[in-house]
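The structure that follows is given in the form of structure tokens.
Read from first to last, the chains carry the letters A, B and C; within each, the first residue is number 1.
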Amino acid sequence: MSCAVELHKVRVCYDAFCALDGIDLCVGNGEALGIVGPNGSGKSTLLKTIAGLLRPQRGTICVFGTEPLRLPRGTIAYVPQVEAVDWGFPATVRDVVAMGRFSHLPWWGRFGPVDRALVEEAIEAVGMTPMAGRHIAELSGGQQQRAFIARALAQQPRLLLLDEPTTGVDAATEEALRIVVRAVVARGTPVLMTTHDLERVDDWFDRLMVLDRRTLALGTPGEVAASGAYSAIREHTHTHGHLRVDHDPHEGHEAHPEVRV
Amino acid sequence: MMHALLAPFAYSFMQRALVAALIVGALCSMMGTYVVLRKLSFIGDGLAHASFAGIVIAYLQNIDYQLGAAVVAVLTALGIGFVHRKGRVSLDTSIGVLFTAAFALGIFLMSRQTRYTLDLQSFLFGDILSVTRGDLVFIVVVGGAVFIAAMLAYRDMLFASFDPVVAEAAGLPVKWLDYGLLVALALTIVVALQSVGIVLVAALLVTPAAAAYQLAKRFTPMLLLSAAFGVTSTVGGLYASYFLGSSSGATIVLVATLLFFIAVAFKRFRPA
Amino acid sequence: MRLITRTLALVALVALAACSGGKTPAPSGAPHSSTIDVVTTFSTLNSFVDGVGGKYVRSTNIVPVGASPETFQPTPQSISVLNGAQLVVENGTGIDAWVDRMVRGADVPRSRVLVITDGTPVVGGNPHLWMDPVLAKTYVAKILAALVRIDPSHAAAFKKNAKAYDAKLDALTAWIRTKIAAIPPAQRQLIVFHDAWPYFAKRFGIHIVGSLVPAPGQEPNPRRLAQLVRLARKLHVRAVFAEPEYSAKLAHAFAGSANIKVVTDLYDDSIGHRAVVSNYISMMRYNTEQLVRALK
């Protein structure tokens, strides 16, 4: 089986600090991979590297057979953990979700009925249809998260990367997201998702990766549970209904000088 | 009464000034939308000052002033982008360092001349009343090019302005869009320089867009409203300066500011 | 970051090198053995100083040729030039007020400063008295008095020079009168860039219909320009005169609207641009000829 996403001995460092070291990974099409680990384990770094936002200091990455940066537009949809957007930006939910279609349109292309339909579908899939016309500043945290996921869905990517999408959302939203992820995977699109939450991993993911700068375990949820890697990190992760929302500086924030002008 | 209102149109210098005002007003406020949303207001002022060095160098080398201004403004814009990305210097520091240097270079070169016939006044405060047909051609051509580029890149710019990280992951050329925006901004400023001058051009970029920001919920309406405010400011300001006998550039900026405060007040007193 | 620092250091070095290769400052301290160092604010005044002082003076002007004293910004070099001066000549009445601060800064004693228009009746606060050759004779007289005071040993020579120069000024006045007479009275009107001409106009019967710029350093405004256009059309003014220190663009824009011609140069406060305006007298002759040619 060829890998949709393939990492080989990948090391990613911010200046002197290496967030990831010696990562090997192969994710197949139609596979949902969950990535768990304590804060500072490099989960976000891993996703960003696969998305092409970071360059590894060592090792190779292949996404659908090429380097991430060489992929055609619209291949990868990335939903970050913390969105550093200006909430005052003049955009409604629908406007934001529509952006998911932009990567598929050439500059001279028109935003047509097909695009509009996909946007509405995506909004519906995350349950935001009644709020589609609302300005993003009027949304709660969970609603904002859903809007960004809808944008990723509208993009119809070949690879979906989700960074802690279930952090800070209620149970109903969480279930809706789970259904979305399974539906995406069912269409053959690989999904990589980081999470703090170890509950119901079987229902979410086909495989699990335990990460703490290095791969501690990689396999089906059952294999990983048996490996004992959980206990190594258990005290840092969520158990039974209470969420810890820690924001480690290396997890959600940019230390890398990729700032925009 | 009608005759009095149409009086300014009787003079060819006013006709040309009005055409310039129309185009510059629309162009600046359209670009201003990006300036305000991406928080580049300081850059606008910086590039205007930097272009002064270009004007001086052009004068000394005996080439067209606007060409000199354009070259230096574009180089400074690219320099700002580069320093910011590679040097890990904050954006406003990069701007502050580069534009003051460029402006000082202009003054420095000027001061070493033992004879000069450059009328700085008109560059600092604009001389929209002296717009020639050649100037209008420049404004239309360069302004038109910027407008077309902005329209072509409209969607990508919108996405990259709102969420550059996700846009980049989705394969949009965010870096090139950023540099492209800076270049477009530099050219817009050079086009606007003649109308309002170095000191005031930043206002023309920022104020109409800031007014539109108060009232618009979505991006396209903000863009259009900004253009409307911009044109009202420039044409209205020019018109007003005719009847008031005041400096056109300054009057334009004051009208723009008045519109801004009206927009703020309107927003405040509207039911949420 | 290192790349940036190195680049900036390189730029600083280059700038320093460029600085040091500049003009050497004027000599300061003890005066030249026999010539009196006179510093004037603008170049036209040099004519009068040279006219009276002849070979016994060396005059330099602070405002460079081609620049306007009304909007001049002093540089450190101009201040050092003042140091070596035995006489500082300024016009006064506001056109070169900035020199007062410089004089204080350079510690030049007031006794060495001559403000020419002090005590002369001024009309409407306009400083351009020298543009009337008859009034220019007061300039000569005051410079004569100052030079005699500084260097009594050459008083006789100064007096002789001054008398000769006065004669030249008289001849100039007569010449200009004749020339102007050749213009039909109805056509003796023009529009100028800035208001340097009231004394000249009054002396020779020219009507200055208006100036494009209300005052130097002021911006033109459309209402004023429109009024001037109407006036130009009504009075059938034939020409608008641009001046070399200012952008000619405004004059052209105005002329286009008023449908009159632009004459691109009249000089007032700087000479030495070209051979034909190398001193006051040739400047006035040149101005007159330009005027006559345009208005006849």
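As a convention for this text, a contact is a pair of C-beta atoms (placed from the backbone, for glycine too) under 8 Å apart; a residue touches a chain by one contact, two chains touch by 3 or more.
Just so it is clear, the model here is predicted, and its values are computed rather than measured.
Trainee: Which chain has its C-alpha centroid farthest away from the centroid of chain A?
Mentor: C
Trainee: Based on Cα centres, what is the most central chain?
Mentor: Going by the distance between chain centres and the overall C-alpha centre, it is B.
Trainee: Quick one: chain A and chain C, Cα centre-to-centre, how many Å?
Mentor: Distance between chain centres, rounded to whole Å: 74 Å.
Trainee: Distance-wise, how many Å sit between the C-alpha centres of chain A and chain B, to the nearest whole number?
Mentor: Result: the chain centres lie 39 Å from each other.
Trainee: Taking each chain's centre as the mean of its CA atoms, how far is chain B from chain C in angstrom?
Mentor: 37
Trainee: For chain B, which residues are shared contacts with two or more other chains?
Mentor: Touching at least two other chains: 86, 88.
Trainee: Please output the residue numbers of chain C that touch at least 2 other chains, ranges allowed.
Mentor: Residues of chain C touching two or more partner chains: there are none.
Trainee: In their shared complex, at which residues does chain B touch chain A?
Mentor: Those residues of chain B that touch chain A are 37-38, 40, 80-81, 84-86, 88, 91, 152-153, 155-156, 158-172, 174, 178-179, 181-182, 213, 216-219, 221-222.
Trainee: Considering only the defined contacts, which chain A positions touch chain B in the complex?
Mentor: 51-53, 71-80, 83-86, 88-92, 95-96, 99-100, 102-103, 105, 107-108, 111, 135, 148, 151, 155, 157, 161, 254, 257-261
Trainee: Under the definition above, what is the set of chain C residues touching chain B in their complex?
Mentor: For chain C paired with chain B, touching residues are 1, 3-4, 11, 15, 22-23, 64-67, 71, 75, 217, 219-226, 229, 244-247, 249-250, 252-254, 256-257, 273.
Trainee: Which residues of chain B touch chain C in the complex?
Mentor: 7-8, 10-14, 16-17, 83, 86-89, 101, 108, 111-117, 119-122, 125, 127, 129-132, 238, 241-249
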